[in-house]
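Next come two complexes, and both contain chain A; in the first it sits with chain B, in the second with chain C.
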Partner chain A sequence: MAGLSINSITKRFGETEVLRDVTLDIADAEFVSLVGPSGCGKSTLLRIIAGLEDPTGGEIAIDGEAVTGMRAADRNLSMVFQSYALYPHLTVAENIAVPLRMRSLSAGQRLPVIGPFLPGSKDKRAEITAAVKDAAEMLEIGALLDRKPGQLSGGQRQRVALGRALVRSPAAFLLDEPLSNLDAKLRVQTRAEIAQLHRRLNATFIYVTHDQVEAMTMSDRIAVMMDGEILQCDSPSIIYEDPNDIRVAEFIGSPKINILPVELHERTLSLFDKPVGRTAIGAKAGVYQLGLRPEAIHLAKSDPLLTGTVAHVENLGAEVFAQVELAGQTARVTCRAAPAARDQLRLGAEIGLSFDLADALIFDADGKRQRGVEVTLDQPVEAA
Partner chain B sequence: MTRDIWKHLILILGVIIVLAPFYMMLSYSFKSPGEIDRGVGGFFGRQAMMVDERCVKLRDPNRDEIAAAAPQYPGKTDSEIREAIMAQAEVDCSMRPVVFNYSKAFIEAPLLRYLLNGVIVTASIFFIQVLVALPAAYALAKLKFWGREAVFGLVLFCLLIPVHAIALPLYIMLAKVGLTNTYAALVVPWTISVFGIFLMRQFFMTVPDDLIDAARMDGMTEFAIVWRVMLPTAVPALLAFAIFSIVAHWNDYFWPRIVVTGSRDLFTPPLGLREFKGDADGSFFGPMMATATIIVTPLIVAFLVAQRRFIEGITLSGMK
Partner chain C sequence: MAVIDSTAIPRKPTQVNRQARTAWGLATPALALMFLILLVPVVVAAVLSFTNYSLGNSGFDWVGFKNYGRLFTRSTYEKMFIATFSYVVVVVPVSVALGLGAALLVNSLGRFGDVYKTIYFLPVMATLLAMAIVWEFMLHPTIGVINQTLEMACGTVLEVIPFVAKGCADGFPLWLGDKDYAIWVLCFIGIWQGFGFNMVLYLAGLTAVHRELYHAAEMDGAKSAWEWFRLVTWPALGPTTVFVVTISCIRAFQVFDTVEAFWPQGGGPNKSTYVMMFAIFEKGVQQNLIGIGSAITMLFLVFVMFLTLIQRWLVERKVHY
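So, the complex of A and B:
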């Protein structure tokens, strides 16, 4: 078990720059997710950490020891691949045993037929068998040990791949979208299991995913990557509630955060030409963007800040999401409502929406978070 | 329906064309020389007892032998003794044509020795070809290095060179290093098979990169990946290559004929056929066809046994 430090890694494939000066420190036993849309460089970063790809510039250190340029095999890392990458010709038990065999048996001892009879081979082989059994039991695949990967379901293969990764004690586990080939139900279940595994092994996990739900539910910290950069790396709650960048705010959260254009003029903040609040002294006048999570917007009983017609309703049972087409605007906003409000949210119904400016995130025109812009409300919008 | 009939008729015609030589070969290997010459006797021939003229001739006694045999024939003249011996020889030398043909094949020509040579040469060629082709194909398919495409281009170019075009320079090279009339001469020129490299490279392209990366993470060196991961997954393709290689070199007549000039101990099975090539006294088609039958049998048996996997290998669909 060990911490990992990634120091200004850059990677270029020909002309295209895939990673730009990525720096990240991962503590021992931490679960860090690299999350971002496809093509953001998260898998490349993982492969560079693994040693499967060489960085164009920058350094990687595992447990304080520089490993840049070292072979993947010598880095003592385990990796689970999206396609599982099990050896098709070996049984489950043999698949799981491979990392141990390659490391603890000598070349002679690995030979078929005569290998088992060489001195010392027997004890080591017994150790390996025991370790494989332990790993299989931890993952509840003990009954499958004699099967070939071709005879397993996707979920079972995924467990075998996990077993192969955890059978030895690596410095860190690297997981490259391990759940993306599973069906939705199994994904939720395995998600919880991987999180449990992390707690049980108390090991460093680096988890690559494009699924923000996976990142939110499992991680100690999430590194949101976009265009080859880490935009923000923080705990899930900070990433959600206090994003640094509009792209982070837009990527994390489902349904997506609502972005509304606002204008600041002489300390008055106006939304669609309607003054909604006043800012403290110091903020520059100009165009800003207001980020509002769906749960920050609620139905207004009186004096709404926004009005519009209900264009689409998604009833999830415990909550209802309504897409509202704003009057005189092309943009839609999504708001969350309690199931009790379903009656009001008929398609085509005219409704008024309101929000508390304290819940809003303010970004500048370039999408940078403006923490300095403090807003106070002009008047209490809602009585109740 | 009628289209099916036509299809089958055409296919049957094809089958006849393909099988006719084999039919003749097998039939001749059963028949007596007379039946072969006259073209009678159906498939098996009448299998009437026949006398092996050469066997009889070999037992023609000379003076000393007649003198030695004299005590067994008291009161007979030398010529009577000779006739008696010859009569006995004719009885001893008469046999069924099928026995005659096949025993000739094994006795007249040391066919077992030839078959053994065939196995040694073919197996060594295939073994070394695999030893060379797999790492080369792996490098061409999965490793990134400067000039890879150029090297692969050269491989493709080598596919275009006909064997016969380079036979003479090869022979001279082998002769200069004194390797003619050795197993090495039969094996060495074929050990690098560009076809094998090409075929395996195409197959390795379909192996997912993740599998190789997983092997690297598990601590395998690149050579270990070739032998422990690529080789087992490539078995179907390897079998396809095995057919091409083994059939080509088992049946090869041209190259062994060039480099094996003296010693019959190095003859491969096809060279064995020459044993029955008649010079003055006509060809021995029966034993010759028996030899041919024996030579092709191992290949046919091997194909039948592994038929399913061979076809898998040729279509390269064995791996998902």
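So, the complex of A and C:
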């Protein structure tokens, strides 16, 4: 088990820059997710950590030891691939045993017929068999050891791939979208199991996914990547509640965060050219973007800030999400409501929405978070 | 629901019947052709192999197993079996191994791969009959380029090799005219002509190897090319190998045109290259002994059938995952 440090890694494929100056420190036994849309470079970063790809610039160190330029086989890392990459001709037991056989048996001892009879081979083979059995029991695939991968379901293959990764004690586990080939139900179950496995093994996990739910539910820290950069790396709650960048706010959270354009004139905020009776302190005049999570918007009993018609309703049972087409605007706003409000949220119904500006995340026109801005109830100037 | 079900049940058998009739109707042309051009000739050949029929004769006599008896007693046919099996046993493993080696090398090349692919595939595309003439020139004992090249080694350090020393003293081999060399020359040409085809089949097989498996092997600690080959490439090529070996065996059993081009008068020096196909041609066509020709044909069919069955068995049991 070891920590990892990634120091200003860049990667170029010809003219295309896939990673720019990525720096990330991962502590021992930490679970870090690399999350981002496809093509953001997260898989490339993982493969560079693994040693399957060479960085154009920058350094990688495992447990303080520089490994840049060292080949993957020597880095003592385990990887679970998206396609699982199980050896189709080997049984489950043989698949799990491969990393141990390659490392502890000599080339001669691995030979098919005479190998088992060479000196020292018998003891090592017994050790390997025991280790494979332990790993299989931990993942509850003990009954499948004699099957070939072709005879397994997706979930079972996934467990075998995990087994092959954890049968030896690597410095860190690298997981490349391991759940993307599973069906939705199994994905939720396996998600919990991987998180449990992490707690049990107390090992360093680096997990690549495009699914923000996976990242949110499993990680100690999430590194949100976009266009070859890490935009923010923080705990899931900070990433959700206190994002640095509008792209992070938009990527994390489902349904997506609502972004409303606001303008600030002489300390008075106006939304869609309509003053909202609030004052912002600590910001220059100009155009800003207001980020509002669906749960921050509620149905207004009186004096709504926004009005519109219900365009689409998603009833999830425990909660209802309504997409509201704002009056006079093309933009839609998603709001969350309690199931009791379902009657109000009929399609085409005119409703008023309101929100507390304290819940809003304020970004500037370039999408950078404006933290020093304080919004208060409007105090008429002449009254002060 | 119950009402619908009760009316649906009697309708079902007729529907099945109609479907079955359509299926048979559609399969009939293929079945008829298979009978006419495959099974009937085989049966005819099988029947003729028990007779002494000659083309043009009005009748024939049943001779029982006499034709087959001859095949296993006469020394000519013993030579036929020796020549055929020597050829198969040498050509198949060597051309499969060379094909695999060439495919792996070509596959590892980037830009120049296509050039090598074309070069190695040229002998497959070339007509063997035309190529045989070129080989005949090259192998000519006195004016051939091979013996002339070998003679250049005389008087140099290369004379320490016994073969060169002997050649310089007593003259180099006659190749096509020497009963000790003829079959091996035939094998060499067979390999030269055939391995490019195996290479193409292996190249196709290599494209199906999952890239990520190599990465998995690397992560699992496989460091050398040999370990990668053992762990990933070779098992993945299993189905290709079975196919390539079977095809090569059948092609090797069918060798004919080189023998006919080099030794049209009958199977090489001392019948050392008297392969089965040539024997069928000589007996059945040249000498009009349809009975014995058919008997060799049946034996040939048995060999090929046996190989095909082994292939089916291997494909179903061993190499499909």
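Please note the rule applied: the second predicted complex is superposed on the first by the 372 of 384 C-alpha atoms of A that agree within 3 Å, B and C clash if a C-alpha of one lies under 4 Å from a C-alpha of the other, contacts with A are read in each partner's own complex, and residues count from 1 in each chain.
The rule is short, and it goes like this: a contact is a pair of C-beta atoms (placed from the backbone, for glycine too) under 8 Å apart; a residue touches a chain by one contact, two chains touch by 3 or more.
If you're wondering where the values come from, they're calculated on a predicted model, not measured in any experiment.
Look at A:P99: by the touch rule set out above, it reaches both chain B and chain C. In the superposed model, A:K148 makes contact with chain C only, not with chain B. Of the two partner chains, neither chain B nor chain C is touched by A:A300. In the superposition on chain A, contact of A:L52 is made with both chain B and chain C. Residues 47, 50-52, 71-73, 77-79, 81-83, 85-90, 98-99, 102-103, 150, 164 of chain A touch chain B in one complex and chain C in the other.
Across the interface of their complex, chain B is touched by residues 47, 50-52, 71-73, 77-79, 81-90, 98-99, 102-103, 150, 164 of chain A. Residues 210, 212-213, 215-223, 227, 231-232, 235-236, 238, 321 of chain C touch chain A in their complex.
Here chain A touches chain C in the complex through residues 47, 50-52, 71-74, 77-79, 81-83, 85-90, 98-99, 102-103, 107, 148-150, 164, going by the rule given at the top. Against chain A, in their complex, chain B makes its touches with residues 208, 210-211, 213-221, 224, 229, 232-233, 235, 319-320.
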